[in-house]
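Below, chain A partners chain B and then partners chain C, in two separate complexes.
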Partner chain A sequence: MSIYKRAQQWTTFTRVWHLFDAKWQNPFESAKIIQKYLAGLHKPIYGPSDTGDHVVVINSKEIALPGDEWQKRVYFHHTGFAGGASWTFAWELHEKDPTLVLKKAIYNSMKGNLYRHTKMERLHIYPDANVPQEILENVTNQIRRPRLIPKRLDEYSEEEVEKFPKLIDYPEDYVIQKIK
Partner chain B sequence: MVFRTFPLFVRNRGPDELWRKRRILKLSAHFHGRSRNCYSIAVRAVHRALVYATKARALKKEDMRALWDARLTAACEEHKFSYSLMRESLSRCNILLNRKVLTDLAIWEPRSFKSLVKLAWSRASQDGLNGVKELGEEPSGVITRGMIK
Partner chain C sequence: MMRIQWFTKNVLSNLRGALKAQERGIMTSSVHQLKEIKETKEGKILVVEGVNVSSPREPYLIKVPQGDDKPCPVCSLGLEVKHTDVLILSQFVRPDGCMLPQRITGLCIAQQRRIGTLVTMAQKAGLMPNLAPDFSKKDPKKRYKWKKCNTYFDEKTISVARPKYLRKRK
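What follows is the complex of A and B.
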């Protein structure tokens, strides 16, 4: 094999590290996308031999569950001992460990076969943007987020506000009433 | 009990026993334990193995088809297109490439596959198939000269 072909094969089969920003994303929608990357189903060379990639998820404490799921969704746990059953609300679990809601969403979106634990080991979730340097060095791709994040009014710079096209302007003596 | 006639003592089934048994033991050479060496155990294991091999011929075709479908879905997603739309559009353009060939193209000839995706996208938007508009603007640069009908 020529040097070029060797390099091409190595780059094709190498395990890629992807980044996913979970800020204001639905964890269940994100789970469907992330588990595809963990399985290797995003590659045309997917196969039964391990083709999965690593995924680094940041800002998992800022995920957004739909509707009233924060109050209504419960997570069941049994310690194995008698009387050890417990039901925890999503908001309670998120307070205790802000990575668990997303981690469980991804775990439960996978099939319950022997590949699951290997794939979960390649998932790295962080509650905020503080990721260890050794892991950030490996990341080479960012996964597109399923939901668009709107820009708050105070996030626009003064230049953009001035440049934005104006149809009308309030007269100088107009009093804007504050709604209580 | 006393055998009155001497021929009844004879338990020789014929001169071909060695070759009959060798035919079975040759197939069980890679089995575990006594199944590879002892005829009476090997013959049962060999018969099961042959039955599994027969049944698996249809299963292999199913497995390969599922693998090709997964690979082609991934390849279409790389170009931000949908696999189901791609299949429908290609058949409407009378491009009767099967899953095997499309997968080989997607892996070994990615630019050819990209041009097929572009062609399928143009045909899908021309015919107004369900779900094309949600994918966004169709790619430019598809020269059909009115031939995709």
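What follows is the complex of A and C.
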């Protein structure tokens, strides 16, 4: 093989490390995207032989669920012993381990075959942006976020809020109360 | 006697009215006057006065077409407001976080209800933490149990009668 061909071979078949920021993302929407990268389905050279990549997920404690799902969604667990069934709410699980909601979402989005555990070993989830240096050094690509992050009112400057076009004006003799 | 009575009734009373008009001091330009309560403490005396203030919104106000049917500002501009459009929603909210009533907002009933629901969604998502009562926790992360978790909403779940201009013509 020539030098050029050897380099091409290496670059095609290396295992790539991707970064995904889970801030304000739905874990189930992001699971669909992340499991494709873990399987290698984003590559044209995908095949039954191992073509999966690593994915590093940060800010998993900032994931967002729609509506009242935090109160309604429950996770079932059975210890195997009699009377060992338990139902845990999503917010309770998130409080105890902020990585588990996303991890379970990705695990359950995969097919239940023997590749699953290998793919999950290549997934690295961190609750915030503190990632070990040796893992960050490997990361070369960032996966695009599906949802936009909403901007809070106190994140806008006072000038921006004041100069934004106004739809209504106060009526005559209205008593203005200042925001404290 | 009859002539004096006729004089006082028709001539003098009209003259009095004319004099009052001169004393009145007519305003030719219409100034939008709002009131602000100012409290100043001078030693032991607390002075609470209502001061006339011009509206801070007036220079940035969008001119909505005025007509007999008085279209509501959101419908006439064709805006599709989302719960994340905090800069628009905060215009309809009091400083303590409550919605303004319909007689002040001037919105049609469909939009008043829709924007009321959107404001609820924005408050639950923690996107307007500064528009809250004084005693509340301003940081959404300090809320109780599930309320500290990030939440987003789908605007399609709001079931409000569509405004007239969007209804299909038969």
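Heads up, the rule we're going with is that the second predicted complex is superposed on the first by the 149 of 180 C-alpha atoms of A that agree within 3 Å, B and C clash if a C-alpha of one lies under 4 Å from a C-alpha of the other, contacts with A are read in each partner's own complex, and residues count from 1 in each chain.
Keep this in mind: contacts are C-beta pairs under 8 Å (C-beta built on N, C-alpha and C of every residue); 3 or more make two chains touch, one makes a residue touch a chain.
Just so it is clear, the model here is predicted, and its values are computed rather than measured.
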item	value
Which of chain B and chain C A:G47 touches, first, second, both or neither	first
Touched partner set for A:E159, first chain B, second chain C, both or neither	neither
Touching partner for A:K151 - first (chain B), second (chain C), both, neither	second
Partner chain in contact with A:E134 - chain B first, chain C second, else both or neither	neither
Partner, of chain C and chain B, that touches more residues belonging to chain A	C
Intersection of the chain A residues that touch chain B with those that touch chain C	none
Residue numbers on chain B that touch chain A, as the complex places them	67, 70-75, 77-78, 103, 106-107
Interfacial residue positions of chain A with respect to chain B in the complex	41-48
Chain C to chain A touching residues, read off their complex	32-37, 50, 53, 55-58, 60-62, 64, 73-74, 77, 84, 86-88, 90-92, 94-96, 104-106, 125-131, 134, 145-146, 149-154, 157
Chain A - residues contacting chain C, complex	24, 26, 62-67, 70-71, 89-91, 94, 147-148, 150-154, 156, 160-180
